[in-house]
Each structure stands twice: as C-alpha cells, then as structure tokens.
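So, here's a batch of structures to check.
First subunit A sits with subunit B, and in the next complex the same chain sits with subunit C.
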Partner chain A sequence: MIKIVKDTTDHLLIEIEVSEANLGNSDLFKSQVVQLLDRHKKTVIIDFSKVEYIDSSFLGALVAILKHAMTIKQDIILVSLKKDVHDLLKLIRLDKVFKIYPSYNEAI
Partner chain B sequence: MISKQFDFVNTGYSISTDIKRIIGFIESELSSNSSADELFFKAKIIVTELLTNSLKHSGISNTVIVINITDYLLTISKTDFGTPLNLITKYHSTNIKIPITNDILHTLYAVIDNEKHVTFFCDENNMADILAIDNIVEHFGLLIITKSADRFTYHFNEHTKENIFEVAIKF
Partner chain C sequence: MATNLKTILLVDDNQLFLKMLSQAFKKSGIKCITAESGRHALEILSTTIPDAILSDYEMPDMNGMEFRQQLMDNSSFKDIPFVFLTYIIDNDLMLKGFDLEAVDYVIKDTPVNVIVSKLNNLIYTVQKQQELSKSEIKKAAEALNVKSIPTKSPDIKGFDVDFWHRPYQDIPGGDFIDFIQANERYTFIVLGDIMGKKWMAWFFTFSYLSYIRSAIRFCILNQDYSVGSILQKVNDVICLDDLLKDILSSLSLLMIDNETKAISYAGAGDLPLLYYQAKTSQLKQINGDGLLLGLFAGSVYTEQIITLADSDQLFVFTDGMIDFSDAGGNKSDYNSFSKKIENTLADNNSFDEIKKELFEPLLAVQVDDCSIINIRKTI
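Entry: the complex of A and B
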C-alpha cells in the first residue's frame, strides 16, 4: 500500500503504491500512516504520483490522518497529485486544509 | 435522447471496471462537446461515488445505473433496493431544509420536497478558524456529488421499494 522512500531528521517521504485509492484500501492506508506518525513523530510527506483516481473513502482517511497528525503536533503534506486528484480536493475545498506541492523538492 | 443501462452486481470487488465501462460510454457519446474534459471529470467522480455508496451498503446486492443524454443535459441515475435513506423515514414534514453535515468548509443540506423526494444542495462556509480542522467531516460522498451536479435528488418509491438517486449535469 505505502512505501517509505526517505527518512530524514524532520520528515518521512512515503509513496502510495496503488493507482486506485478507494474504499478497498482506505482503511489500510489510514492505519499504516497513523502507525508511522506514532512511531516516527515527524511530518509525513505523501507522494501521490502513482495515484490515478481517489474516492470519498480515501479522502476521509486522509482527513482522519491529518487530524491525528495535528493531535501529536505533526503535519501531513501531499505532493505530485495528478490533475483529477488535485481537482477533486479543490472541489471539496480540502486544498485549503492540506499543504499541497507539485513535487517533493518543492515541498522541502 | 440517448439512453443506456448498466447493471452492477455488488460482489465486494473493485468497481473500477464498472466505472470505466460507464465513463467509456459517456466519453464516446460526448467527446465532441466543448467542455468535454470538465464533463468527464464530473461524470467520473459522480459514478464513482454512486457505486461506492452501493458497495458500502452491503445489503444492496444489485444496482442499476442509467445514463441519459440530451442536447444539453447528462443525467446519471442509480436505482437499488437497499434500505431507504433515513431522511425519508425520520422526517415526515415536507418543504423542510435539514443540515446533514456542517463543518468549517461546507454545510450540506437536504430539502425534503415531499414525503418521498429529497433534493441536496450545499453552501460553502467561511473558514474563520483554520485550527478547527478537527471539525471537518470525514464523509464526502454526498458532498462530492452535490458539488459536481447541477441537480442531485433522491426518491423512494414506496410501491416498488426502489431508491432512485438522480444526478443531472448541464453542458
């Protein structure tokens, strides 16, 4: 589901390894990222470059992860979103609550 | 009018093949439309959310999606025989506006037009307190459809026990 790409002193870069981020994998995604947050206590940067489409269940998981990150004083950053995925976040205004960057290099 | 029906059997497996089949049909019929990209984006997320809703409710075994296309309107309707929305069973007054969800981003309303018919719409809220992220809802299906559509309604047919969600997009 996810792969740790980079582990630095202040953040983790993880990549979502599926192209369809949906009801079938949203719970697993949420539990894996929450575990990483609890274990590493760092900002988590999520690379969406492989994700072709996303549904409401996965968006719900993302919001739950952000809420958890904030309770432990950490952050979630989204990078490399495909246009349709970014447009869906904008439609429901989640672009106003997540930090979103075109690429990992622009996020750090 | 062009019309096509798609039968979807809820097996609990991925719905991506069904989504591609339905969107492929819409794309083949409306590829020459001047706002095709926006139209296909909206159609895809609406079909995705309608089918995801069926998957979530395991009591629903079969779902029918019907696509209707006229010169200016794309209509996507979903019919199933699951449990009726509790909006219908809970409220018996008509012409009332009920907030379904409310957070710093949106308020999603249902207007009960008559005893068995509901129209959804939403308002965008002023994010006065960005720190109130904890207040953001985690269920976006109805909101996504409402914001993508020009009209989104739900109807329960008491005689046939059908739930009918109808989504219209003007183009």
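Entry: the complex of A and C
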C-alpha cells in the first residue's frame, strides 16, 4: 500500500503504491500512516505520483490522518498529485486544509 | 458455483505445487495470485484483497500459523476466508488453526480437482452469506422506516424542484437528501454525502440528518434564517460528537424564500453548484467556501443569495455524478459532467428527459452513490 522512500531527521517521505485510492484500501492506508506518525513523530510527506483516482472513502482517510497528525503536533504534506486528483481536492476545498506541493523537492 | 471472476491467493514455498494448483484454479475460472512466502503474501495483500486465501502450513521464515496470526492482527485482512493446506494431520495443530478462525484444512494429498471444488464452494458460500446479510439489513431498515432519501419532491410555489438518486450497487450509501418546509414561506433543501460508501456510510447519514434537522428547527425558532449560520451550528455540534470522530460529510444547504423568491445557499466541502441562465443559455459554477462538516470546529460558512430569473435552473449534486469507470479505470471529471448538462439544456430538455438521456446511462459506469437536485424557476 505504502512504501517508505526517505527517512530524514524531520520528515518521512512515503509513496502510495496503488493507482486507485479507494474504499478497498483506505482503512489499510489510514492504519499504516497513523502507525508511522505514532512511531516516528515527524512530518509525513505523501507522494501521490502513482495515484490516478481517489474516492471519497480515501479522502476521508486522508483527512482522518491529518487530524491525527495535528493532535500529536505533526503535519501531513501531499506532493506530486496528478491533475485530476488535485482538481478534485480543490473542488471540495481540501486544498485549504492540506499543504500541497508539485514535487517533493519543492516541499522540503 | 461462484458466478463472477473470483480471486484466490495461494501461498506455498513449493513452486511446482503453486504452479500446478494455480493452473487448476484458472481452468475452473478462478483468478490466482501466488506467493512463495508469508511475507510475500503480505506484500501482495497491501495492494490486492482476494476472495479467499489458501496457505501452506510448513514454510521457512514464517509458517502458516504465524502468517495467519499476522492476518488476524489486521482488520483489513482478518475476515478474508482462510484455509490451511498441509501434509500434517495433527489434531492439536488443527485446533490451533481453528482458534485463529481458519475456515478449514485441506490435506495436500487431496486430488487437485477436489481442492479446487472445495475452495470454489467456500467462495460461493461466503458470497451467498454476504448477500443474505445484506438482504436482512435491507429488510430491517425498511421495517424501521428509516430513510435518508425522500419519496417525493416538495411543492413550492414559483419553483419546480425534482431530484434523482441511485445508490451504488443497490446498497444504501452515504448520500442523503431532505426537503424541510419550515413554514409557508421557507423551504430548506439539503444534499449531503458522508465520505465513504455502502452500509457504513449509510448508518451515519441518520446522525447527520438528525443534527441538520435540529439545527434548522432551532434556527427557525430563533427567527435566524441564515443557512451559513445553520451550517456553522451543525459543524460545531458534529465536531463535539465523539461517535462521529473521523466521519466527515459534504453538505449543500439551500433555502427558498417563497415571498422574495430568493434562494440562499451555503456549502460545506460540496461540489460547485451549476447555475443555468436561460436567457443566455450559459451554465456557470457557484462555489461554496466552507470546509467539510466534522473537519474543524469553528469553521465559517458564507451565505450567498442566488436570484433565479424565470426558467433559470440550479443543479446541486454529489461526487458520484462526476465519477465514472472506463477502460483506463475510475475517474472524476467535473468539467465533463458540466459540459454534458450544458449540452442537454441547449436542447431544452426537461429534468425528466435529462434523467433518461444523461443520468440513467451513467449507471453502467457508476462507482459511487449518485444524487442530483434540480431547482427550476417557473414562469
């Protein structure tokens, strides 16, 4: 579901390994990222470059992860979103909630 | 036997056995994914959920029992029907396996066609049981007379209001609609979408609807007819409700004033409304500015006043209307949906005609609940 790409002193870079982020994998994604946040206690940067489609269940999981990160004073950053995925986030104003960058290098 | 193409995950360190068994499954119409170890199987499970798992007991590194324990520790995997494959006939071992909710044991010496039939029967039985459970829940919901979608549209002088709703895979889901005629002057139109799908989302629609209905009633009692203020109250209460922790919803809330004919609107994480101006035949977006309900307490929802001229129309809809599946997989495309609406309106189609020509064909490629409300100012 996710792969840890980089582990630095202040953040983790993880990559979502599926192209369809949906109801079938949203619970697993949420539990894996929440575990990482609790274990590493640092900002998690999520690379979306492989994700072509995201459904509302997965968006719900993403928001739940952000809320969890905020309670432990950490942050979630989204990078490399495909246009369709980014457009959907903008349409429902989630771009006001998440920090979103075109690429990992621009996020750090 | 299983009707749709089902997927089975075979786990065995013996490559020859894997190949032989997977060919036999394929011949019987079951898709096979193979893993040579428990660890490899866990990697596969992180991207694919099969209909059943058939795993060897004796494997190096992680034996079948340890693999099963790892699955039991993960809520996403623990309910996948699991069958042990073994040479060992040991009653204690079998009991241990059954304690870990393994459905059955298959002795490896069993003829391959019998193994295939056994698994085929298991998948079929589980599928039947799931269908039966769904049907029981549907019956219970009908008996309780709980509905998240109204049976008819409201009568509002000066407006035609209609709606179209189809649940995904015929299972009630997270979309909800309500029409609340507060008094002779004000009618509220509610369209929401709990994030998620099917039963889990459906159960929460009633909590949300209860809060929304209560907030509207309280605001009416206080003569506060601001939809923005209603949304703020609903959001603040939901953020305090521990049972709704992590349950988010979009909401489009509109209020038609029958005296002034003005429509006030505020949106929470909802898709932009589509406003059709009959005089210019143009379709424009109306954007709400509020965040999803349940996200942050204290969020602000700005109210907008929409004044429709005669024959102007508004379309309010959930994300299922813009999601579809094609050969390349699932997609979301707001602009293409908007374009289709614009084209059909150019032909002067009524909402009934739009339903038939545009919405009904969408069902073939539907991937989520679909809901849309149409408000038309009459002459």
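Basically, the second predicted complex is superposed on the first by the 108 of 108 C-alpha atoms of A that agree within 3 Å, B and C clash if a C-alpha of one lies under 4 Å from a C-alpha of the other, contacts with A are read in each partner's own complex, and residues count from 1 in each chain.
By definition in this document, contacts are C-beta pairs under 8 Å (C-beta built on N, C-alpha and C of every residue); 3 or more make two chains touch, one makes a residue touch a chain.
Note that the coordinates shown come from a computational prediction; the quantities given were computed from them, not determined experimentally.
Applying the stated contact rule after C-alpha superposition, one finds that A:Val18 touches subunit C and leaves subunit B untouched. In the superposition on chain A, A:Asp27 contacts subunit C only, with no contact to subunit B. Judged by the touch definition given at the top, the superposed model places A:Arg93 against both subunit B and subunit C. Touch criterion not met for A:Ile108: it reaches neither subunit B nor subunit C. Of the two partner chains, subunit C is the only one that A:Met1 touches; subunit B does not reach it.
Of the two partners subunit B and subunit C, it is C that touches the larger number of subunit A residues. Residue overlap on subunit A between its contacts with subunit B in one complex and with subunit C in the other: 20, 22-24, 53, 55-57, 59-60, 63-64, 67, 84, 87-88, 91-94, 96-97. Within the complex, the subunit B residues that touch subunit A are 14-16, 41, 44-45, 48-49, 52, 55-56, 105-106, 124, 127, 130, 133-134, 136-141, 143-144, 147-148. Of all residues in subunit A, those touching subunit C in their complex are 1-2, 17-20, 22-25, 27-28, 31, 52-57, 59-60, 63-64, 67, 84, 87-88, 91-94, 96-97. Chain contact summary for the complex, subunit A toward subunit B: residues 20, 22-24, 53, 55-57, 59-61, 63-64, 66-67, 70, 84, 87-88, 91-94, 96-97.
Subunit C makes touch with subunit A in their complex at residues 46-47, 49, 74-76, 174, 193, 195-198, 246-248, 250, 269-272, 288-292, 295, 319, 323, 328-334, 367-368.
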